[in-house]
Amino acid sequence: MATVRLLSDDEVAANPAAKAVFDDIRATRKSDFVNNFWRGLANDPVLLKRTWEEVKAVMVGEGALDPLTRELIYIAVSSANSCQYCVHSHTAAARAKGMDDAQYGELLAIIGLAGKTNHLVTAMQIPADPEFLVTS
Amino acid sequence: MATVRLLSDDEVAANPAAKAVFDDIRATRKSDFVNNFWRGLANDPVLLKRTWEEVKAVMVGEGALDPLTRELIYIAVSSANSCQYCVHSHTAAARAKGMDDAQYGELLAIIGLAGKTNHLVTAMQIPADPEFLVTS
Amino acid sequence: MATVRLLSDDEVAANPAAKAVFDDIRATRKSDFVNNFWRGLANDPVLLKRTWEEVKAVMVGEGALDPLTRELIYIAVSSANSCQYCVHSHTAAARAKGMDDAQYGELLAIIGLAGKTNHLVTAMQIPADPEFLVTS
Amino acid sequence: MATVRLLSDDEVAANPAAKAVFDDIRATRKSDFVNNFWRGLANDPVLLKRTWEEVKAVMVGEGALDPLTRELIYIAVSSANSCQYCVHSHTAAARAKGMDDAQYGELLAIIGLAGKTNHLVTAMQIPADPEFLVTS
Amino acid sequence: MATVRLLSDDEVAANPAAKAVFDDIRATRKSDFVNNFWRGLANDPVLLKRTWEEVKAVMVGEGALDPLTRELIYIAVSSANSCQYCVHSHTAAARAKGMDDAQYGELLAIIGLAGKTNHLVTAMQIPADPEFLVTS
Amino acid sequence: MATVRLLSDDEVAANPAAKAVFDDIRATRKSDFVNNFWRGLANDPVLLKRTWEEVKAVMVGEGALDPLTRELIYIAVSSANSCQYCVHSHTAAARAKGMDDAQYGELLAIIGLAGKTNHLVTAMQIPADPEFLVTS
């Protein structure tokens, strides 16, 4: 159903550059499971490597935002962009990082409310208050 | 520049229903400042009241997600939806709730990364892994 | 501020193909005013002509939907697409075609609600009910 | 296929708050059928109740816009937002409220045309004509 | 699964206006295959004819941009708009027009990068440099 | 007007990591001009460096797609995403790389047409033809 082939582990193994990325995904996540996004990207090892390194730098490890909060933000963007796969994969990731039902319910409520007020604001073309523009 | 008039306090005061909402906004936020979004909505007191009550229920007070995290999610949705006013108002709100530069930098990095992988996934039409579909 | 020059009437007059379209816009609308969208398109008379003919066929004259309803639909799409100019121009057009404050308030309420439920549905990835799929 | 469980009537019956909303949906629509959107929202009875009350207030009953026009606007927003479920559910609703083939054909023509001119305007960054900005 | 019936060749043949468009699609493309988009549009022969004539004028034949480049642009817009069918159909068209794996990999890299920087720019609300605004 | 400060050359010079990126931008582009996007990102030197390295890898130098074609694709995505700054900056870049009026006119025509058919397809929920799905 994809526009690219989703490479199997055997196919990935045939390309050392792609294989190295898959090895690092598995080592970093401490799991043998590699999801379809990476199997599609594996057709272009350069794009695969650059994308994984960015995901690793931004989403993995210590940071100013905790790992679960980062996933909530990812779900929010993905929902607004109507990215089905991304919604599924990052909702699963958020649950794996401890998102409970109450947190998920609030996330949904905020995503819905933001969708609503974004549309209202754009339909009314509200200009920014000078109070918001403190940085220029 | 808006498609509606942005009502002044005097104009709002002429409509008791709108006035009551503005009073509650000020009391809830402990601030006299009421931003343009509400001044545009004040043309329709019913829509004003329903929208404010939802914002108050979702964004104000205790919850499973802390107030700053809720603002970060709001910024994420608003950025993906290209809502200029919403980006400005919720970035200001996040700063008022304590967002520091490191947190903001990470928020931007996640929003950018999600925008990138959302586009890559959609361009490749990646199908959801069965592992993600545990809930049906 | 545009990426193209907005052609003046004198400049348009220098190109017979563009001039003919401007003449038809003025005759059809019974107004001398030609808005900036057409002045930008006038740089490419073929694109100008094709676009105007489509607008004329779809938005002007008798149809199964009355002219005001057509403008409301146009505003709805333009709001969801964050098209500032389109929101302004079609809101002005809707008012010129008789949209009153009560109708506009309801339009805004529907646009906001649809934005909200669109986001909720996408965030939850709700599958279509078989009852909706009667046509295949 | 959803990220949430779609609750059965038995599961909804176990939660009085959710049950009350489902009862009101059925009474208001005079139909036993409750579509999947509400079954997903039922996991969070507070969000379910608030969303249904807004849908009921905006989409049901008398208003300045007739019920069919409201559905056409909903379809327009949902199409621009690429919300598959929403397109299906509101197209079914519009047909149930009397939308005929000629009306539907015109709706599609307007949605397509607006999508086109929205993109053209954004690509050219056309500034709003002063004539449109009468309200500030 | 569509909201409209996808007309078979026999059904199209019953409407001379739709039949003429299908004949022209087949003659222009030198192929008997007519894809589902046209079978959906065939329910409204006027919309079918206008849409095909535009596609033929813009995407077929000689031009300032070669046919493959035009398909790449089409894929880019369709990916940003989350249009699944359009991504599939235009990726297939690009391959039929000679897109190789290296070109496709670069296309994906650009679409992903643009998605990322679009989101970063919108989240930061970067104002246009005066150097870019040379045309007004 | 941005949500971040746009750093001056003096401010950038105070941070060696940001300074190194600005030096490389100038050397790579053989121009002293550094546009606002980079001045906003300079607040977070890590994000600045990663973003520039990706832009340099994808948009600069030899490739399977020529530099102008890459800019056309970038404009297409940016238009669909309603990113004003990105439309301006990449249209200026395309012109600097030789885009002539005929090419630009065709680009606009394709962007507009894709916007139209994307909306029509989504509104009709057209399913992918099996003929398009050759890769799985």
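Going by the order they are written in, the chains are A, B, C, D, E and F; count residues from 1 in each one.
Definition applied: a residue touches a chain if its C-beta (ideal position, glycine included) is under 8 Å from a C-beta of that chain, and two chains touch if they have at least 3 such contacts.
All of these numbers come straight from a predicted model, not from anything done at the bench.
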Exercise for the section: Can you give the shortest number of steps from chain B to chain F, where adjacent chains in the path must touch? Expected result: 1
Problem - Type of chain A:chain E copy interface by residue overlap (half), same or different - result: different
Handout entry: Equivalent of E-F within the choices A-D, B-F or A-B, defined by over half of its residue contact pairs recurring
Key = A-B
Exercise for the section: Can you check how far apart chain D and chain F are, centre to centre, with Cα atoms defining each centre and the answer in Å? Expected result: 34
Practice task
Go ahead and note the Å separation of the Cα centroids belonging to chain C and chain D.
Solution key: 21
Exercise for the section: Starting from the mean Cα coordinates of chain C and chain F, work out the distance between those two points in Å. Expected result: 27
Practice task
Quick one: which residues in chain F touch 2 or more of the other chains?
Solution key: 1-4, 6, 51, 54, 77, 79-84, 87-88, 91, 105, 107-109, 111-120, 122-125, 128, 133
Exercise for the section: Quick one: label the inter-chain contact graph as line, ring, star, complete or other. Expected result: complete
Completion exercise
Given the complex, residues on chain C that touch chain B span 82, 87-88, 91, 101, 105, 108-109, 112, 119
Handout entry: chain A to chain B touching residues, read off their complex
Key = 1-4, 6, 33, 35-37, 40-41, 51, 54-55, 58-59, 63-65, 69-70, 72-74, 76-81, 83-86, 88-89, 91-92, 100, 102-103, 105-107, 109-111, 113-129, 131-134
Completion exercise
Touching chain E in the complex, chain C uses residues 1-6, 50, 54, 57, 128, 133, 135-136
Exercise for the section: Enumerate the contact residues on chain B facing chain C in the complex. Expected result: 3, 43-44, 46-47, 51, 77, 81-83
Fill in the blank from the handout: Counting only contacts in the complex, chain F reaches chain D at residues 75, 79-80, 82, 84, 87-88, 107-108, 111-120, 122-125
